[in-house]
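Here is the structure we will look at, set down as structure tokens.
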Amino acid sequence: MRTSPGESPRRDGHLVVEDLSAGYKKTAIIRGVDVAVSKGEVVTVIGPNGAGKSTLLKSVMGLLEPMAGSISLGGEPIGGLPANKVAAKGVGYVPQVRDVFETLSVKENLEMGGYHLRRPEVQERIEEVLLAYPQLKGMLTRSAGKISGGERKMVAIGRVLMTRPSLVILDEPTAGLSPKLAQQMLEQYVARLTAREVAVLLVEQRAREALEISQYAYVLASGEVKLESAAASILDRDDLGQVFLGRTEGAA
Amino acid sequence: MELNLALGFGLVTASILALGAVGFTLQFGITNIFNLSFGQVMTVGMFAAYLINVQGGQSLWVGVLGGALAGAVVSGFLNKTVFMPFLRRGVSLDGIIIVSLAVGLVLENVMLAFAGPSFKAYNQPRTHSIHVLGMILTVQQLLIIGISVAALVGLHLLLRQTRLGKAMRATAANAGLARTSGIATDRVTMIAWCLSGALCGAAGVTFALNLATFDTTTGSSLLLVVIAAAVFGGVGQPYGAMLGALVIGLATEFAALVSPNLKEVIAFAILVVMLLVRPDGLIPSAATKETMGAR
Amino acid sequence: MRTRRLLAGAVALLAVVIAGCGSSSSEIGSGALVMASYQPYTGPDAAYGPEGTALCSFAAYEINSGGGVMGHKFQCEAFDSTGDPADALPVANRMLANTTNLIMVYGPTQSAQRAVEPVLNQEKIVHFPDSGDPAYDHQTSPYFIRNGPSDSLAGTAIAAYTANHAGYKHVAIAFTNEEAAQTVVPALKETFAKLGGTFTSEQTLAPGQTSYRTEISHILASHPEAIVTEMDPQTAATFFSEELELNGGELLPTITTSAALDSNWVGGVAKAIGPEQFMQKIVAVASNTPTEGPGYEEYLQALKKAPNNIPERENYAADPYAQLGYDGLVCGALAMLEANSLESEKWAPYVPKVINGEKGAIVVHTFPEGKKAIEAGKTVRWSGAAGLVTLNKYNNSSTPFTGYKWNGKGNGVASLEPTGGEVSSKELEEAGGA
């Protein structure tokens, strides 16, 4: 058993990952991973460095080809599709680093987010993003490589919102931000995404803060899911510190 | 007086050089492939224009278009049949440089087999000279400057104003992120190869026109100075390449005032000093060239 | 004399040392004797290769039409010396090691010469270099036969022609900075000054540039009576077309070296500037190279009838390099007959004798004619495609020079015609050459 007492593993959701193995060259970094995310909820994946969190995200996004297992979005298989096709299916991905086009202006970054949209739609969506992130209004013509870390992350998230995605994947969005800014980022921007009926798959180092805005969580260690449970019940555990490192009593 | 003259002559050289340097840098910026077969693709352009102009009896300006088209086709073909497959197999970018060198040699020797070693020249009416601001330029040279300026302004508008152009810049800045934004980067890359090939072909024809004759080795002998201009401005930076072409074009003519023997030396000395002072070129790229971080 | 782009020779020097450990010359067996065209077939000098193959085929045809030498027919093989000294030597070593019945060599060109010359001499292979490097002006190997002029002699001759025959005393000089062109300059300057001439402008050009307009403006502003020059075909085409552009569609009178007689030079430059200006303004000062007379007619016959697949063979009808190369190889065969031996040690000393003619020698124009004379116990002097040639004791040419211009008659772009100004051997001697 790897679930908390009283809960069974989730198998339903908008995004369903089943028995996924993936890695680089011939070496599998994650093995037999099951993850599910529903619309309107934030699901966090936590775990120590090298656990395979980014590998999981990249496989979902189509940046890595799965070795085994299946990935589906809204019931449609997307495993093995190239990233641009996955994006076109409504998945937005914000990588941990190099998350904007640095040589392009803020506005052009947003336009690239809406690459598949028609011209009038692009303008409309930019307005929409600016409504959510009014700070960006004053810096539309600035180069995205030359703005502060927090603003940059807003551009990165704003960029993926251009397509009105059904799934947003965030790889450590608070990395490099001050604690205060990090909390603000998670509470105000990440949590609010759920109001748009978006499924959010989040990987975070700031596990406690992330769990606080999440509905459900997976603990990944050594490439396997060691624990999955409602976020709140993990937060309640006494051995929280151990859990973050992937050491749980029920570990397989 | 002499300075003005040299300025005018330098502008002609710079215009031609700019076509080549921008073509080289455009493709490098997007693919990171340091393509040493670029010189021979210029030669392909020269021969295409020769077929159109001398064999086909068309005007030389149709030849320039034909040269650009041939450059685009060959360049796209090489990407599809050589560079992409090698990259897919995981050959390093350093390895690809050697592949491009080999591709260039093959191209050159195929052309030698078909065209022979003798020199070729275009049919062109001799145009009269125009004196402007102490410069002496022929109508033909003004047209060359015009073609170059038009091509570069066109490229500027493409890169800044169109969806495709922005997608090219996005791919150059961060190909992985571009893919996750829904950009079909393979297609964008292909278009960049073709566009770069078109500039390359046009540069070849105008070079050959300026040289008066050419043979199968002419393009590769010009490659060094094209690369110098591209590197000068920060390789991968189209505007830097334009500036690099201007500086090197003018510097070689001004150098001729002092010591014609050292023309080439002075151009490259400027380049070396430049690289010492600003290793990334005049306009360094904001984005680092690493791939998306692993895990 | 042939102007070419050279790569650094350090590697080549090293290679010479290594090659010094090679084997000695091989025996001649039965079967055809091989004449090698050791020339660049690839790289910037790739035009030399086909020229070498062509002239060798003409010579083979001529020799075979007289039944060959001692029962052997002659044939040609091509070896690509590439123009890069580092690549030239391994090719030469392979040629020497793997060629059965190698009898003589046409080559090397200047770019390969310093690397390859020691090996050819050590292996006792008679060779006819088409290079003008003055470093070999006083060489002593009997296997080296240069029946074309050295660049130093050419420098003296061009100065004497310019001052004494064309009558120009104020000229601009423009030579490319390559070794092969620069070797002409010292003798030219010295002789021209001695003859009372002055230089209005001296330009040393970087070859292969896209523009020489600043240099040309400089020359034009110095108001010379003429330009004295040597450039490779590409540089010359660019230079002269830009000169036309800047000088109102006219060239200044232009005096150049025999580099301009190369068919590739003529073709490239004439295409670039058009035939009228080319024929009116350009004069090449070269060692006497007739385009008439019985020896030349025989050459034309060989040129037409040689069986091999030779593209554009008519281009070599007025090409002194082809003519001299042909003459050299035929003289080699005649020397074998005179020595009655195929051992190079024995027949090599007869090559200068056939070229210069000993006392009482009869002048012959065809190989069969020469063979008959030798069989009748006479000695011969060859007067072939390039007419009479004189070698000095260093096996270097001391043939008189003539100014040539092109007249638009005959085959190809234009055929040559003497301007009437001949720089005699005596004049060369007085001016300090040879």
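As written, the chain order gives the labels A, B and C, with residue 1 at the start of each chain.
We adopt the following convention: a contact is a pair of C-beta atoms (placed from the backbone, for glycine too) under 8 Å apart; a residue touches a chain by one contact, two chains touch by 3 or more.
Not measured: the values here are computed from a predicted model.
Work out which chains are contact partners of both subunit A and subunit B.
Expected: no chain.
Farthest from subunit B in C-alpha centre terms, which chain would that be?
Relative to subunit B, the chain whose C-alpha centre sits farthest away is A.
Going by C-alpha centres, which chain is most central here?
B
I'd like the Å distance between the centres of subunit A and subunit B, where a centre is the mean of that chain's Cα atoms.
42
In whole angstrom, what separates the CA-based centres of subunit B and subunit C?
Spacing between the chain centres: roughly 38 Å.
From the mean C-alpha coordinate of subunit A to that of subunit C, what's the distance rounded to whole Å?
Once rounded, the distance between the two centres reads 76 Å.
Within their complex, state which residues of subunit A touch subunit B.
Touch list, subunit A to subunit B: 24, 29, 50, 52-55, 61-63, 82-84, 86-88, 93, 95-104, 108, 111-113, 115-116, 143, 145-146, 159-160, 163.
Which residues of subunit B touch subunit C in the complex?
2, 5-6, 9, 12-13, 16-17, 109, 112, 116-121, 126, 129, 136, 138, 207, 210-218, 221-222, 252-254, 256-257, 259-265
Could you pull out which subunit C residues touch subunit B in their complex?
42-44, 46-47, 49-50, 177, 203-206, 208-215, 217-218, 221, 233-234, 237-238, 240-242, 244-246, 248-249, 264, 267-269, 271-274, 311-312
Report the residues of subunit B in contact with subunit A in the complex, numbered from low to high.
For this pair, the touching residues of subunit B are 163, 166-167, 169-170, 172-174, 176-185, 285-287, 290, 292-295.
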